[in-house]
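Each chain gets a letter, A, B, C, D, E and F, in the order it is written, and its residues are counted from 1.
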Amino acid sequence: MSQRTARSADSLRPISITADFLPHADGSALICFGNTKVICTASIDENVPPFLRGKGQGWVTAEYGMLPASTASRMKREAAAGKQSGRTQEIQRLIGRSLRAVVDMEKLGERQILIDCDVIQADGGTRTASITGAFVALQMAVDKLFSDGLISENPIREAVAAVSVGVVGGEALLDLDYPEDSGCDSDVNIVMTASGKIIEIQGTAEGAPFSVEELGKLIALGQKGIAELVQHQQAALSARLPSVR
Amino acid sequence: MSQRTARSADSLRPISITADFLPHADGSALICFGNTKVICTASIDENVPPFLRGKGQGWVTAEYGMLPASTASRMKREAAAGKQSGRTQEIQRLIGRSLRAVVDMEKLGERQILIDCDVIQADGGTRTASITGAFVALQMAVDKLFSDGLISENPIREAVAAVSVGVVGGEALLDLDYPEDSGCDSDVNIVMTASGKIIEIQGTAEGAPFSVEELGKLIALGQKGIAELVQHQQAALSARLPSVR
Amino acid sequence: MSQRTARSADSLRPISITADFLPHADGSALICFGNTKVICTASIDENVPPFLRGKGQGWVTAEYGMLPASTASRMKREAAAGKQSGRTQEIQRLIGRSLRAVVDMEKLGERQILIDCDVIQADGGTRTASITGAFVALQMAVDKLFSDGLISENPIREAVAAVSVGVVGGEALLDLDYPEDSGCDSDVNIVMTASGKIIEIQGTAEGAPFSVEELGKLIALGQKGIAELVQHQQAALSARLPSVR
Amino acid sequence: MSQRTARSADSLRPISITADFLPHADGSALICFGNTKVICTASIDENVPPFLRGKGQGWVTAEYGMLPASTASRMKREAAAGKQSGRTQEIQRLIGRSLRAVVDMEKLGERQILIDCDVIQADGGTRTASITGAFVALQMAVDKLFSDGLISENPIREAVAAVSVGVVGGEALLDLDYPEDSGCDSDVNIVMTASGKIIEIQGTAEGAPFSVEELGKLIALGQKGIAELVQHQQAALSARLPSVR
Amino acid sequence: MSQRTARSADSLRPISITADFLPHADGSALICFGNTKVICTASIDENVPPFLRGKGQGWVTAEYGMLPASTASRMKREAAAGKQSGRTQEIQRLIGRSLRAVVDMEKLGERQILIDCDVIQADGGTRTASITGAFVALQMAVDKLFSDGLISENPIREAVAAVSVGVVGGEALLDLDYPEDSGCDSDVNIVMTASGKIIEIQGTAEGAPFSVEELGKLIALGQKGIAELVQHQQAALSARLPSVR
Amino acid sequence: MSQRTARSADSLRPISITADFLPHADGSALICFGNTKVICTASIDENVPPFLRGKGQGWVTAEYGMLPASTASRMKREAAAGKQSGRTQEIQRLIGRSLRAVVDMEKLGERQILIDCDVIQADGGTRTASITGAFVALQMAVDKLFSDGLISENPIREAVAAVSVGVVGGEALLDLDYPEDSGCDSDVNIVMTASGKIIEIQGTAEGAPFSVEELGKLIALGQKGIAELVQHQQAALSARLPSVR
């Protein structure tokens, strides 16, 4: 029998994506994976980092943060602490890499898109929700470049989304919430394209090391979740039409 | 004729306060002064700062932040920059002082309430919106202490709210938005109690210095705005009933 | 009967201003408000901050510090702590704004005057003494620009000075010293021009909130003190003549 | 035909592990994966981090650094820059997690083993060499706890080692050096136990996203490399006998 | 013929020491070596650093700073820069070592004396003036411990003072000012006791390396200067009597 | 009778210098003064610091660090602590000054040589070993500039080496190891040229102040040690021939 009662082992939590949540930004979305809620924004910057100047290609980078009260027990504000934790840096590097993998930097042109993912409520899976929501914000910023006449070819090759899978009490579960994540034996974050190719996979044995076979099953479960998330992304982007686009 | 077209010189922007916006926090509100939107949360901490230990009294303190994409042109994330700006520190000190002025620290007991004000969209008046929304979150946290049986007397003496007033093009205006604030001659932030007493007043001549008489007129205008904001606070707190209280 | 014994409620502490205290600086003054002693210097810098480059106008900015042993109980050195406190940043922003309000930036030309206010002994009112002394250092630096032939029109519109007023034990007092400031009900810092216009007003209810009427009385008291401080500034500047000018 | 000329696609670079390289440390090894050279040390600390105090269990944690001249073009010293980069923090978190996965914390007792991995020459694969060498230092520190009579049961469940695999020019290669890593399409770091179980897997599409099938082939290649690395570890540890153990 | 015109090669600059310059501190002195002016204070702290707790002995430590406008061209404020320079740390470590060398830490008792040396005008020799003035402040703080009945035996073994000597244009000069120091071939800072013993000697070849014989001559010159400085210290301390002691 | 048993009072510890220890660097050496082991590298940088740009002369600078496990009890990693200690900065400034004293900056041309000294095992004398080893790395980098045709005249005037001398238990000893250094009465670090001229001398009375005569004896002892160290340097550099030069 499943560990879960409210949803089946291979179900995502209720997903909602509100595109254009902050109209001042070039792209924005509020994404909810159950009680995990993240504001994702995209800002177009007509400069590129120094190492890319004059090379005719663009860049996508990301920053990640959590509101202090987003967690059950309030966490210290990183700006007050004076530095970003190792965890924060690891996650924002992951978001950036994941998005860059689906963008053709030459078609983007010599400009940068800065993604911000700010968690306002955390209940597990903040990095996967961030990547999934960030893609929506990124797509909106790219659409704006089109409508402003700044680019003429689509630099986005395909959608990208992310989900976690893990083994909890011997059972493979999709999209772990915080209690599940805290008690899991193994935890795998998968970033995949709409066509089912792997962009990033990060698997960690929190409890017992796992076999190659178990990894295979988890990946298959993730693939199912990714396909559903990509549909949610498309729906959210379509819902803006025609007023926004 | 007024500088303003969409509202009269002595009108607030459309105000909305959504109490309990983030149910995981001990108190929370999303407050909107027009396009300025701030998430305010209150977290109860059963410890007090070192200078108060063993003295039988509590403390209220605040932190303030802005999401990088909250402004028209994305600002640098303070956590990444490694420090909070002088402006940030000035504002969070103001929020803390304003709330402490209406709290009886002995009735609060030896515990601390930590307020977080995070601006998700900025269009002028973020500090006044923060104070006004923070009071709602604070009241909710105090209500929780009551319902948890941790306090027996109400430590909150009366409500507190804040608004800006200023002279723009020779005209006294209530509740300046960003374009008005940028072009004003003088700018006064007023923090007042529900009973019309001043807790904090900060007036700055951005352009020409102003006379004592002009200050008097601005304060009267502010007083009118504060009275309306206090009604919005009460309405938002009442709207939670009876499920939350 | 007054709380005070050594001076009347509407008297300043003994004021002394020694212009040209540090002859190596472009402008300097040692200012004493009773036992509060501040070294103020002005340094001319022929560069402006990046946001003003090429705009043909100047800038005035300020930094503030306290010697560790300036307070009754030695405070931590900020350079050793690795950052300036929120209080320090708030004060130095106030000093800078106050001086900029009386300077015509176009007449100053594309250069910067950097003000440093370093408290060597603190007994209340360090920010008001800093502003009052900083104006003397600023005037000296401007005089130097004249005598060096770098400017031809006077960029200073009029003098600026600052004083605190407050209610202590129900009585309105001018120029609070540290014991008075620690025990006051309300504390208002007023920055005014020689002609009696307000540049900045910061009032805080340390104890009970105060009424609009009380504020009016405090402002009137401050106006009296400012007028006297402006005379001290002029006397100190005149005393330099003719050797320095 | 293979991209490689000096070794076959499924070969490790020449591996050397010198145990007890720094006799002052509780455990130490100089590990070389070809031209990549890392000094790994283990230091026993009879204290545990605050969150573990009084719980009767131990901890293993790691720090990572690179000598400035370890790279072809000298990199900035992190101690001089004042902070560790995101990459550094990500790697040291990975090393710590990998070692903790094979240690029974209760058998270790309430003490901490601090691992330091300092790269003295970098040519790709510094994180995998660090993990592989760190295990040798960790084993030596545990042996010392035994010989000092501080523990009586072996807390190490089995050996752990790490290797990178990747697709370069369409070919799956084992143990990428720096030129291979820079030009690869995909790069997977695998941390495995001696018995072939996965502790951590981190796969990234540097160029084109990869399929689930390709991932399977890469994992198999990594498994072969890990088995060889475990033999090198055992040989290095055995070579100390009988003088050290 | 001498490089100097205003004073002979073996003369100190005009020395002045004003003891009790800041009456609020436990000990204080304004010391001038010509145009170099330093405020030195001593603060008694009834705590010792952690490594000395419970050992029944005291500690003396020092911090050093320069006002931004103390130098000909304004220097950056270290508190604003967020860290103390290597030079600052080197000097404050030197001051601390020099003072500790003449104090019997057991007689001082389990307490700490914190010395602050803040340069208000710099014209060469700030570290030697700091040490010489710091001794005066230290002696005053020790006198206060006596008069407060906190110690009964004199912990100060003898006076300590410091001076620089150097070779400029082939000539050995005593007490270099800034222009001399900038152009010297070699520069030796000597810290000596009243009885002529060396506490610290730091010699640096700024231009050409110097011979052992040259060093001998410079030390003799320094010894002459130290003897005179010790007399200035005693005179400044005596001048306080009987009101202060 | 001597305090020492394994070597005579005027003997160096066993010295070994391995030139070209890290072939990727422009110059490198592993130097051992007994159990003190330091990796020294030199990196050529075709830029100079801002204050030298366009002046046609070069620069030599140094950084110093210690591996955390280099000391008997593991020390905190400075990169993790977020700053370099005062001791670290003092030592790296000393290394830089010592090397610059033997280099003709005009002959070096407008480029910089960056020296890194990283202590992998510490047993006293890390700064003197660093200077002595750094010269070898510097010479190698200069040889590389010659062989690459970038300079045509030798910028190095003569060799430089460093050693410590001290009085322990009344006896003057050469090249103190850590236990000797911890218990010494006085400690003098001497940096000298091959021709016996002083570049830097730093003498500190750790216990009792010392006389000018005692200093003289210690310097003579140091001179003997320096002469031997210069021979070790030459031998190490010669051993590279002809393959490296």
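Criterion: a residue touches a chain if its C-beta (ideal position, glycine included) is under 8 Å from a C-beta of that chain, and two chains touch if they have at least 3 such contacts.
Composition by chain, UniProt nomenclature: A, B, C, D, E, F = Ribonuclease PH.
Predicted, not measured: the structure shown is a model, and the values here were computed from it.
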Subject >> Where subunit B (Ribonuclease PH) and subunit E (Ribonuclease PH) overlap in contact partners, by chain label >> reply: C
Subject >> Labels of chains that are neighbours to subunit D (Ribonuclease PH) and to subunit E (Ribonuclease PH) >> reply: F
Original post:
Based on the averaged CA atom positions, which chain is farthest from subunit D (Ribonuclease PH)?
Top reply: C
**OP:** Have a look at B-C, A-B or D-F and name the one that copies the E-F interface, over half of its contact pairs being the same.
**Re:** B-C
Subject >> Most distant chain from subunit E (Ribonuclease PH) by Cα centroid >> reply: A
Original post:
For the sequence-identical pair subunit E (Ribonuclease PH) and subunit F (Ribonuclease PH), what is the superposition rotation angle on Cα atoms, to the nearest 5 degrees?
Top reply: 180
Original post:
For subunit A (Ribonuclease PH) and subunit C (Ribonuclease PH), what's the span in angstrom between their mean Cα positions?
Top reply: 51
**OP:** Report, in whole Å, the distance between the mean C-alpha point of subunit C (Ribonuclease PH) and the mean C-alpha point of subunit E (Ribonuclease PH).
**Re:** 32
**OP:** Find the geometric centre of each of subunit A (Ribonuclease PH) and subunit D (Ribonuclease PH) from their Cα atoms only, then give the gap between the two centres in Å, rounded to an integer.
**Re:** 29
Original post:
Among the residues of subunit F (Ribonuclease PH), which are close enough to touch at least two other chains?
Top reply: 82-84
**OP:** Follow the ring of contacts from subunit A (Ribonuclease PH) in the direction of subunit B (Ribonuclease PH) and write out the chains one by one.
**Re:** A, B, C, E, F, D
**OP:** Going by the contact rule at the top, pick out the subunit B (Ribonuclease PH) residues touching subunit A (Ribonuclease PH) in the complex.
**Re:** 22, 24-25, 28, 35, 37, 39, 41-43, 45, 63, 65, 67-72, 74, 77-84, 88, 114, 116, 118, 120-121, 123
Subject >> subunit C (Ribonuclease PH) to subunit B (Ribonuclease PH) touching residues, read off their complex >> reply: 83-87, 89-90, 92-93, 97, 101, 188, 192-193, 196-205, 208-212, 215-216, 219-220, 223
